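I've put the structures underneath this note.
Each of the next two complexes has chain A plus one more chain, namely chain B in the first and chain C in the second.
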Partner chain A sequence: MSAIDHLSGPADLEEDERQAVETLLYRLADDEFVLAERYTEWQVRSPTLESDLALSNIAQDELGHARLWYDLLEDFGYEEADLIWERDPADFRHATLVELPFEGGDWADAIVRSYLYDEAEHLRLEALEESSYPRIVDRVGKVQAEERYHREHATNWLERLAETDEGRARLQTALDRVFPHALTLFEAVDPDVERRIDEYGIRTRSLEDMGEQWLETVVPFLESLGLEVPLSSDRTVTAEDLPSHVGRDGSHTDDWFDLHDDFTHTYRELGRDSADRIMPDPDDQ
Partner chain B sequence: MIWEVFRQEKPGEYHTHCGNVHAPDADMAKLFAEVQHGRRKPTNSLWVVPQREVGEVDAEEATFGGSTDKSYRWAMTYNRVDESFAEEVADSQREQETADREREEVTSGGSA
Partner chain C sequence: MDLETVKERAGPRAFSPKDDLPVEYREAATRMIQFHANSEIMGAYLERPFIRQAPSLDRKLAFSAKVQDEIGHGQLLYRAAESLGVKTRDEMLDELANGEGKFLNCFHYPMKKWTETPMIGFFVDGAAMRRQATLKRSSWEPYAHAMDKICFEEGFHVKHGEDILRELATGSRKEQEMLQEAFDEWWPRIIQFFGPTDDKSTHHDFSSEVGLKMMSNDELRNAFLTAYIPKAEKYGLEIPDEPRIEKRDDGSYKVVEDDLDWEEFFTVAKNSYEGSDIQIGKRHDTQEAVEWVRNVLDQHEQAATGAAQTAAD
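Let's turn to the complex of A and B:
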């Protein structure tokens, strides 16, 4: 174990430190929340009852994780309404991978997306196990315990869909569509802040480093299934490989603004200014 | 393909049948069963078994317990013993009585 210089609790952070912690938490929470929103669209529409329940359950897991991370943002005085229901959609920091709508009925899209996301999620959670911010460390294990199922689910499905020509063709189409957006998982919200996140040890592995490791994992696996990964041959990510909106920096596809409008609709229509709490605070559980 | 699922709540307890799942193979069946039958109730372990591998013998082809009087199997001869002298005997007797009653209910229910 390296001698980590632990950060103070939320109330005693320096301004720079607080900004770094917040940025990291927004990355985590927004990804999980928005992905769960999208997964939920599959409810009662998945190919079989079993796959429906499995994906709905995964969506619930992701919402639970989002809740854990948003709750740490509440340490800084924000309320749920500030974090979700009344937040400017342009301030969300999720990767564009999670905001894209699913092509109508394309189960291959859900599976490919889930695989690319969960492999990245696995890496970034590992990089938080020994974070210098104790409030994060306390919660990582809980999230990791549920992520095993997600990866297994995605991998098992990928292998089976790839067994036939038709299945493989569908996977390839989905991969071509979402892969550039998956690369945005490792993009910076703000390069200076990301550098500080690493410097303070809030994350023990840089985005670049994790991005490389992720490519080393997903590319060979996808190729072993007979798929072609839409990336330049030397497997390096250049600006050309990225989509025009990367999400992290606040630039989003139009689909995101529609989705945001959808899930905040009821809140606005009812004229709410706060959200009811129906579950105990994660710290009290 | 249908897979029957048996859930064990705590280590050491029996696995009890709790439903089934549709899945193309054993791995997917376990994955689905985990969510479908293990997420809302306390679960220590699941058995996931291909339905066609489950052997069945039912009351139409078998006479469970036989058709002649075999009440000597039930340890009712202790009926007149003062059960307070041994908890164990008392427990056993109650167990036998319950089993006997249930057996009678099933038999009479079936022939009615």
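Let's turn to the complex of A and C:
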């Protein structure tokens, strides 16, 4: 038997518990939503028709996952409009890694970013498989199954691009740019709340612990491709390694505010006050 | 096979890559299928901004899936065209990027607002469905075969387009007004979707003799009007006064073709319209930006082939 007591359903949580569950869900949902938003920039612009189809698939998977996690936040009485369309952009809790725009043609960025994200996502989902919050456990399996393919996709592309001098040089430039932002994946929204997320067993591994294992995975692999990871020599993350905005705490790059403005454009232009649903509720699927 | 035999044997799915076909047939079929494939890609350019600008998560997912389907259709169609042995896929994609490839008139015009999306998603796609359904009986078997999958998926697109139309038509007054504005602007282009009138069409006779094409432009256009005018009216849209449309005794509709701007149509058809430059420029620039990735893939391929040859030696 697990040493951790299971939490009750959304309606019966204590205030502290509810805040912890919500914070964890915002981390998950916002990451997936914003990453998907960026991935769709590659639709009709990828190097080949085949790579276009593959990345569109991944974008739609991530959108689907965002939908699953936002739906769990709706258990607490929020509507999609509150969670996305009318939410203050400064309240989004995604890591800055996912909000950076892709420069035109920078396929290396798409691949490096995807690799760094997907390895972290894998660890994060593993730490939710035995979460004390049953609504999360119900959904994590479906998400994990799809993420497996994303990791393969990123790894295969990395290996292929690293075969040529130009490919490797482009990967290095992308890595230098996005790696500090990838570190923000493991940053805290609020240290107290993160501690409670661990205490209540909503997540079975701490951010710090996952961050360490992530480094142990990605650094040797990237080095094996002839890439240099921009991190101090003893492979520990210090404040200096982090970018000036980390996302999780609500500090974001200007690019995020532009993106938010862009994706809420129609909603505002039409004066909408709710988001239309055309697909069945995840609980009914 | 000589041309006379082709005309005699022309029927639904009559010819495949196994047949030795005359160059006239292969070129005509390539021109037609390449045009169709190009149109799938260029249509996706017009719609992709609305993945981002969709006003709900579900609509965003549906738009992303639709754009992806269109790329998939392009992939299938280039394959069907390539199998005629006239041009490779890379040649056709290069032609599209450098402005030699032709594509549907509607995709030369910019689309700026969400309220315009059903103009493509419902009317243009609905028009495309009608034409494509007839092409399941095209004489080039790979083309007809591709059309099975494409028509199946287009059915979903048109339903989604109609759902957006319904939502806007039953939405706020502002939404209804913006919708009508979009309709006024797009309606003549939608009617011209089917191409020039039969007497102005340069390729029709041959294509129809060899079974590539099943119905004439005018027949298709009038069948579309007969089906879609009642649908537009059902959603409260007012049909613009021009071009004039005549209702015939049997309830079907016919457009007064001379009311349409054929000069603009032929400018568009030659890729010489101002919007053509913008749309083709986008394709050109985005393709050029990822040229380096294709070079890496080519080098990988060459290395793999080289290694396989060494192993075989």
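By definition in this document, the second predicted complex is superposed on the first by the 283 of 285 C-alpha atoms of A that agree within 3 Å, B and C clash if a C-alpha of one lies under 4 Å from a C-alpha of the other, contacts with A are read in each partner's own complex, and residues count from 1 in each chain.
The criterion applied here is as follows: a contact is a pair of C-beta atoms (placed from the backbone, for glycine too) under 8 Å apart; a residue touches a chain by one contact, two chains touch by 3 or more.
None of these values were measured; they are calculated from a predicted model.
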item	value
Superposed partners chain B and chain C on chain A - clash or fit	fit
First, second, both or neither for A:271, with chain B first and chain C second	second
First, second, both or neither for A:99, with chain B first and chain C second	neither
Touched partner set for A:166, first chain B, second chain C, both or neither	second
Partner chain(s) touched by A:57 [first = chain B, second = chain C, both, neither]	both
Chain B versus chain C as contact partner of A:48, first or second or both or neither	both
Winner by number of chain A residues touched, once chain B and chain C are compared	C
Partner chain in contact with A:262 - chain B first, chain C second, else both or neither	second
Chain B versus chain C as contact partner of A:85, first or second or both or neither	second
Contacts of A:153 with chain B and chain C, given as first, second, both or neither	first
Touched partner set for A:66, first chain B, second chain C, both or neither	second
Angle at chain A between chain B and chain C, C-alpha centres, nearest 10 degrees	40
Minimum distance between Cα atoms of chain B and chain C in the superposition (Å)	5
Chain B/chain C common contact set on chain A	48-51, 53, 57, 160
Residue ranges of chain A touching chain B (in the complex, touch as defined)	48-51, 53-54, 57, 149, 152-153, 156, 160
Contact set on chain B toward chain A in their complex	21-24, 27-28, 31-32, 34-36, 39
Residues of chain A that touch chain C when the two form their complex	33, 37, 40, 43-53, 56-57, 59-60, 63-64, 66-67, 70, 80, 84-85, 104-105, 107, 160-161, 163-164, 166-167, 170, 262-263, 265-267, 269-272, 275-279
Chain C - residues contacting chain A, complex	41, 44-45, 48, 50-62, 64-65, 67-68, 71-72, 74-75, 78, 113-115, 160, 163, 167, 171-172, 174-175, 178, 285-286, 288-290, 292-297, 299-300, 303
